[in-house]
Structures are given as structure tokens and as C-alpha cells.
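Per-chain residue numbering starts at 1, and chain names A, B, C and D are given in the order in which the chains are listed.
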Amino acid sequence: MAVNLDKALVREKIAKRAEREIENGFYVNLGIGMPTMVANYIQEDKEIVLQSENGLVGIGRSPYENEVDPDLINAGKETVTAAVGASYCSSAESFAMIRGEHLDLAILGGMEVSETGNLANWMIPGKMIKGMGGAMDIVHGAKKIVIIMDHVNKHGEPKILKECSLPLTGEGVVDRIITDRAVIDVTDNGLVLVEVAEGWTVQEVVEATGAHLQVSENLLSATF
Amino acid sequence: MAVNLDKALVREKIAKRAEREIENGFYVNLGIGMPTMVANYIQEDKEIVLQSENGLVGIGRSPYENEVDPDLINAGKETVTAAVGASYCSSAESFAMIRGEHLDLAILGGMEVSETGNLANWMIPGKMIKGMGGAMDIVHGAKKIVIIMDHVNKHGEPKILKECSLPLTGEGVVDRIITDRAVIDVTDNGLVLVEVAEGWTVQEVVEATGAHLQVSENLLSATF
Amino acid sequence: MMKTIYTSFEEAVKDIKDYSTIMVGGFGLVGIPENLILALVESKVKHLTVISNNCGVDDWGLGLLLENKQIDKMIGSYVGENKEFERQVLAGELEVELTPQGTLAERIRAGGAGIPAFYTPAGVGTPIAEGKEVRNFDGKDYLMVTGLKADFSLVRAAKGDRLGNLVYNKTARNFNPEIAAAGTTTIAEVEELVDAGTLDPDHIHTPGIYVQGLIEGKQEKRIERLTLRREA
Amino acid sequence: MMKTIYTSFEEAVKDIKDYSTIMVGGFGLVGIPENLILALVESKVKHLTVISNNCGVDDWGLGLLLENKQIDKMIGSYVGENKEFERQVLAGELEVELTPQGTLAERIRAGGAGIPAFYTPAGVGTPIAEGKEVRNFDGKDYLMVTGLKADFSLVRAAKGDRLGNLVYNKTARNFNPEIAAAGTTTIAEVEELVDAGTLDPDHIHTPGIYVQGLIEGKQEKRIERLTLRREA
């Protein structure tokens, strides 16, 4: 039977699971929204660097009121501080760094992911298009791309599909999907279910997924 | 009758005439060899900036012995100083500046120039090829390209030709040629003789030129 | 390299005429040339093509030009902070060209660096690939995109010297250095104008060769999303 | 971002194997990673492809690798300071690819920036255009050239911190920043190794993300053309 958690708790659960993707020593870009929350859960024993595409390598914690510098923000336009050992660069240099695949990991939000790793997360036809920002660059710009999102949309329909119905952000770019219900890898042989969240069964996850899901031989259950 | 000046004096004469191409406020790149000498004759009332393609905007005078910094050289690998208000940049940025046509003027040496403004100044077939260095970039990288060279080679043969016989450095890139005998502009309608040096006649210059030379209506004589 | 030092913002933007293409530095409201934008609003110049990552907010930055209907076309990567923008687009009053942010930054750099076109993976297989050449290098597809230049570039720096050398503060650097290089005429609004020789040549972010005019001004530096650490 | 801090140059280059492609910073003898090159000579690694603007002089810098016949192929823009270079080329022992200096710098930048190819005017109509695509943009011809990457990049900086952030001194910057970004593994020889947080984040030329290992060393800094001002 499906678990019911309030929205904030679901987001926290996904963010905490996503944090485990970050290895010690990683350079990481966190997308705007839920991915930014991942930073709140980074284990203290990990030394990592958060990159912000507006030109900061080494995002620090949020500032105390007396530390606020209006010239220092992250890509979500929030005031931040710089971590010890940070550096600033231009947007062109920042995206040279991204496009050149110098980041180890990017964690981004998603609207839909296809079984071949296509991602849609920037526009809904008929609605005002606000722009893709840096998402189209970032999906090509890290050694590993992890998408975090709800497993189904507000109508209960799968967001993991054979083909995306929405316009794409990138083609064949997703390596791993983390939802409130499961962790799914995109492989050359299709989608592989590698973890099932606490409170969910393999059967329930398979039924809530709109594409063929192989079950890993090493499937883990109730990992988060 | 042709004048006879020793080699050093000829070079000085050409360099001094080339200096007149530099207007107040110009950013200028001077090629290695004779063009570098032009810096010695820059009139004191002109404020100009010399760019060095190895990453210095604002070459200063040569250093006194106690000022030598082995990390500070020009593109000719000579020790220099930085002028007041200079800046350093990477080679990629330096050539971005050059390729983007931010320089007002480049003064370069030449082996041959054609009537369509082709330049050959980097290799002689059969001889060891040392490389083009930055010349191929610079000929596309300033608003005006001035070539300074002897009017004829050591065998007395013209260096200004209908077609270059040597492999090119750039095609249609030269705006003006300054030799020991004349100043010649490369125009859409061919070569135009605009100045004749002291001691030379129009006839002598025409005869020592291997391409058709129109004589400017505003021809100046004995200007240098 | 003698630069024009303006004493009024009105004078600094007076050469910007109708139908000009202008590039404007900044990311969100950070690093925008606030006073140059205000002067453009006052100047009533119109039919502008504006190249900038964002388009301000409804009552600040490029949003003011928008409100005044001075912009015909906007090239940027994200314009989501602005309701008037949405209204004008839906009403067909404003043309928009959306470009991935990294592609935008690199197109601007290419424009200033004399590179007419380059290849990037961003956007392959997406709506923005329409009409663009796709080319495979080493088994991977890329789009060809072209360099961008502007008649006028407006940037903001923390300090500028009288030879046009600029240094930026923290993330206010963003698009400013590449935009400074891509303008036929580049005007820098600086927080502090200093004498030549004051800035360390190793620390200069924008060499003066890219800058034609400077003006000192005081900025409001509005904050879009004040995010504070909760006291422990 | 934990970087390997080497305590011997021998150890710093030990992963560089025969047939590796290496990029080496420097212009002439300025800004070259002197001790890393010396360690490569000692290592006797061979069949190297070397990408560097120049190839040292007969008895210093990359000239030492050449003398030792460790280089199979050289990609650079000017190799005129080296007699042994000439001998090996004429004897067919050394392959050379000459590239205009600005194109070389930009190809290296492109390699580090994930740009597989771009267009440049340099070389159109010259021998180096042979075999390259020519394309017209806005009435002007350009050559398509490709990005360059390396298995190992060796750079030299004035200061480096333990997170790999680097700053360069004066014209010793040259090719080093772009080469640092284009190496799969980048090793920096620094004149002074400092703690993280020591360098001003606004003054860092190479962000630590590009650097995998660092080592402190003392350089000779040989001068190729000492040019002095005559005393008045």
C-alpha cells in the first residue's frame, strides 16, 4: 500500500537520498528548487564543492544578516556566502567548466524522464515559456546526471515514460532517477530498478512507471 | 638614382615612417624584429598602448638591470616592463582580443606582398619551417595591417608582386606597405603609391615593384 | 586608449539610437548597470534588441525598459521574474529568442573573440535545435551556434580605471566581462573610478581595450531573494 | 576536491606512460613547469605527443625531452629556438603539427570547455588550410578547427592552494590557464603552496576544479633574451 507523507516530508526524503550520490571530493551543481535543498543534508564528513553556474565555485552557507553581500548570490538568486577556498569566475568560464565535464555530478529536477534518459524539465506547451536557464548546458556538463522528482504527477500519472510527452531539455542525458518511491538507473539496456523506498513494493513501483522497468539482481529495499 | 644607406639606417628610416601610422589613443601590436623597433620612435605626445600577444596589454620600456623579472617578457621573448595601467591575460584571451579586431593597428614584417594584399612572411619552401607563431592570427586581428619591409630582396628583385611566390600567411589582409622607398596602399582597385621616400623617384619605385602601381593624385614626395 | 569619462548617465547613453542592439551585463539583478538602464528609460530610445541573461523584474533593471515598451526583441536564457514580459509576449508585442545560458555566454564570448560560430552539445534533440545545423564529432551530436555582437554593451564593475580596466566584485562578474568584449562601443558603470596604475595588472578582469567610456555611479543593488541563515 | 599534494616531482609524473598526450604550459621559457619537465626526462617515458606553444631550447625546457628522444609528435606554433628540433624533423624522427598561435590557444580552450570545433579566420588561403573545412559567414571565409585535450596537463603557477586554485605571475600566465582546463589529469608546479582561503576568490586565475595534483618547487627561470634599458 502506498504511503502518505506530506509534501515537505517527501521532498526531504528525496533530498536526503540524493545526498548519498555525492561522494567525498565531488564538484557538484545543484539545480534550482528541490535540488538546492540537497545542500542542507550534506554529511559533515564529506568535503565537497558546490558550483553555481552564475560564477561561483564553492557555495557556502546562507549569510547571517550582517554578512549579506548583494553581489553574492547563487544561481537561484538567493544570497549566499563563499566557502573557504572558493573562487569567482565569469558566466562564460563557469559554463566552459560545465560543458567541459569538469563537474562530477549534477542533481536536477524533472517533469518527465524517458527510458532512454531523455529529460523534459523546462516547458509546458501552451504555458508561458520562462526559459531554460542553464539546464540544457548542465545536462551535458557533468560526469553523472541525477534527476530528482516525484514518481507520479499530481494526477497520479507516471513521470517516467517510454517517451517524454513534453519538449526535451536533453536527449539521452539522465544517468539516474531518484523519486519518492524508487531509485532507477538509465542503462544501455533500458531502465533498471535498483532501490525501492520504504513503504513501497517493487510491484507498486513498476505499476507507477510508464516504461519497462527491469529489476536489478542486487535490488535494495527500504533504503530511504 | 638610388640612395645608398647602410642597413641599420634603412631600418631606422622605415621604423620612423611606420611610427606615423600610430595615432594617439591606438592599441597596437608590433611584430617581432624590425616592427618592434618602431616602439623606440613613438612620439612622446602620443598616448598609445602596445599589446603583446603572449598576454600583456601595455608593454613598457626595457627594464633596468634591477627591474628584470624573468616572468615578464614580450612576444619576442625579450625582458620588458609593464606600462602604467597595463594588464596581464592568458594567451587565449590575448588572441580573443586580436581575433575580435579590438586592436587598431598591427605593424608586421613581410617577405612578399601581392597586389591583392596577400602576405607571405613565415616560410620558405625547402628551408626548415620554424612556425608561424601568432602572425596568421594577427593579420586578421587588427583594424589596419601595415607591412614594413625592404622594397626589394637581396638580389634586387621586387618583394611587392602580382602574386606571392611564397606560401601565404594571410589572404587579402594587408592595408598598407611601407618600404625604404615608398608607402603603398592596397585598395579594392589595386596598389596605389601614396608616398615616395627621399632620394627616390616615382619611376624608380614603379620599376622596383612587381605589380601594377597606380600613382595617387595626392602623391607626396620625400616624406621620409 | 583615452577613454571618455562621462559625468552624467544621460550623456553616457546619448549615442544609443532607436533600433540599436544592446548587450547588458548582470545575472538576475546582480551586476546590472543600474544607472545606465535608468538613463536609457529616460532617453526614451525604442525598438531596441536587448541581449541579456534575464530581463529584470517588473519595477527594476531591464523590466523598466520593458514597461516603457522600448524593447522589440529580447535574447536571453530566463525571463521568469517578470509579469509584464509575459503579457507582452502573449500579446505579440515582444519577440523573444531563448538560448541556453551557457550557449548564450559562449556566443557572447565568441562575438567578442572574432569566432563566427562554434559547436555545443546544449540543445541537441530539443526545440531549440530547430533550424540549426547538427553535426557529429567523435560519436556525439552538437549544434552549430553563432557569435553575438552588439552596437553597445553596458556593463557594471566594482572598480574601473581611467584606461578602462575593470574589476568585478564576487558574482557580480557574471556576464559582464564577455559582454564588455562583444560591444562595438562598451560603456562601463563603475562603483569607483580610480587612476591608472591603481589596479594590480594581475587582477584586472576586463582589459581596458574593450571599454570606450566609463562613468562612476551609486547603485541600489536590490536583492531578489534574501536568504538568511537562521541563528543557531 | 581533495588534491594530491606531491612531495617529489618523480612521484608527480609517475602516471604519465608511453604514448601519452601531454600539454605543457609556457611561452618560450616563461611559465614552464621546469621541474615537472626535468622529472619527465628522468622518467624516460617515451613516444609522447606534446602540445605546447614552443619546444624549449636545446638545453632547457621541452628541449631536454627532445634531446632524449622522448617526443614522437609536437603540436605548437613556433619551434625556432631549437637546433635539435630541426635535426629530428629533417631526419624524419619527429612529427610536427604547426598551428597558428591564436588558433592553438583557442583549440586548447575549446578542449577544456567542451567545444568540439569552432571557426577562425586564421590560416584561410594558407598551407595550413589544407584538408580543413572552409566556411563563409557574413561574406568572410573561416576555417573549422577542432578542440584539443590531453591525458596530462603540466602547468606552472606562482601560487597554488591545497584546493588547486592557482594564480600566475605577469606574462608567466600565457597558456597555463587554458592548458590546466584541457587535461584529464592536471598537475601544477607552484612556486608557493598555500592554505585554502589564502588566495582572494576574486583573484584566482585557475579554479581548483581543473587541477588534480600540486607540488611546490624552486624554478631557475632562465631568461632567453635579456634586454635592458641603457642607463641614461
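We take it that contacts are C-beta pairs under 8 Å (C-beta built on N, C-alpha and C of every residue); 3 or more make two chains touch, one makes a residue touch a chain.
On a predicted model such as this, the values are computed, not experimentally measured, just so you know.
Asks: Give the fewest steps needed to get from chain B to chain D, where each step moves from one chain to a chain it touches.
Replies: Counted as steps through touching chains, the separation is 1.
Asks: Tell me which chains count as touching both chain A and chain D.
Replies: Correct list: C.
Asks: Please state whether A-C or B-C has more C-beta contact pairs across its interface.
Replies: Ranking A-C and B-C by C-beta contacts puts A-C first.
Asks: Provide the C-alpha centroid distance between chain A and chain C, rounded to the nearest whole angstrom.
Replies: Computed from C-alpha means, the inter-chain centre distance equals 29 Å.
Asks: Hey, how far is the Cα centre of chain C from the one of chain D, in Å?
Replies: Spacing between the chain centres: roughly 33 Å.
Asks: So the centre of each chain is just the mean of its C-alpha atoms; given that, what is the distance between chain B and chain C in Å?
Replies: 36
Asks: What whole-Å value do you get for the distance between chain A and chain B if each is reduced to the mean of its CA atoms?
Replies: The mean C-alpha positions of chain A and chain B differ by 56 Å.
Asks: Residues of chain C touching 2+ other chains?
Replies: 106, 109, 113-115, 120-121, 168-170, 173, 201-202
Asks: Could you pull out the residues of chain A that touch at least 2 other chains?
Replies: In chain A, the residues touching two or more other chains are 82, 88-89, 95-96, 98-99, 140-141.
Asks: Let me make sure I understand the interfaces: which chain pairs count as touching?
Replies: All touching pairs, sorted by chain label, are A-C, A-D, B-C, B-D, C-D.
Asks: Can you tell me which positions in chain C touch chain A when the two form their complex?
Replies: Interface residues on chain C, with respect to chain A: 27-31, 53, 76-80, 86, 89-90, 96, 98, 100-103, 105-106, 108-109, 120-128, 158, 168-178, 205, 221-229, 231.
Asks: Tell me, which parts of chain C touch chain B in their complex?
Replies: 1-2, 109, 111-115, 161-163, 165, 181, 196-197, 199, 201-202, 204, 207-210
Asks: Would you tell me which residues of chain A are touching chain D in their complex?
Replies: Touching chain D: residues 24-27, 47-49, 51, 57-58, 82, 84-89, 93, 95-103, 140-141 of chain A.
Asks: Using the touch definition from the top, list the residues of chain B that touch chain D in their complex.
Replies: Touching chain D from chain B are residues 52-56, 61-65, 68-73, 75-80, 82, 88-92, 94-96, 98-99, 118, 123, 128-141, 167-172.
Asks: Which chain C residues qualify as touching chain D in the complex?
Replies: Interface residues on chain C, with respect to chain D: 106, 110, 113-121, 135, 137-138, 140, 142, 146, 167-170, 173, 201-203.
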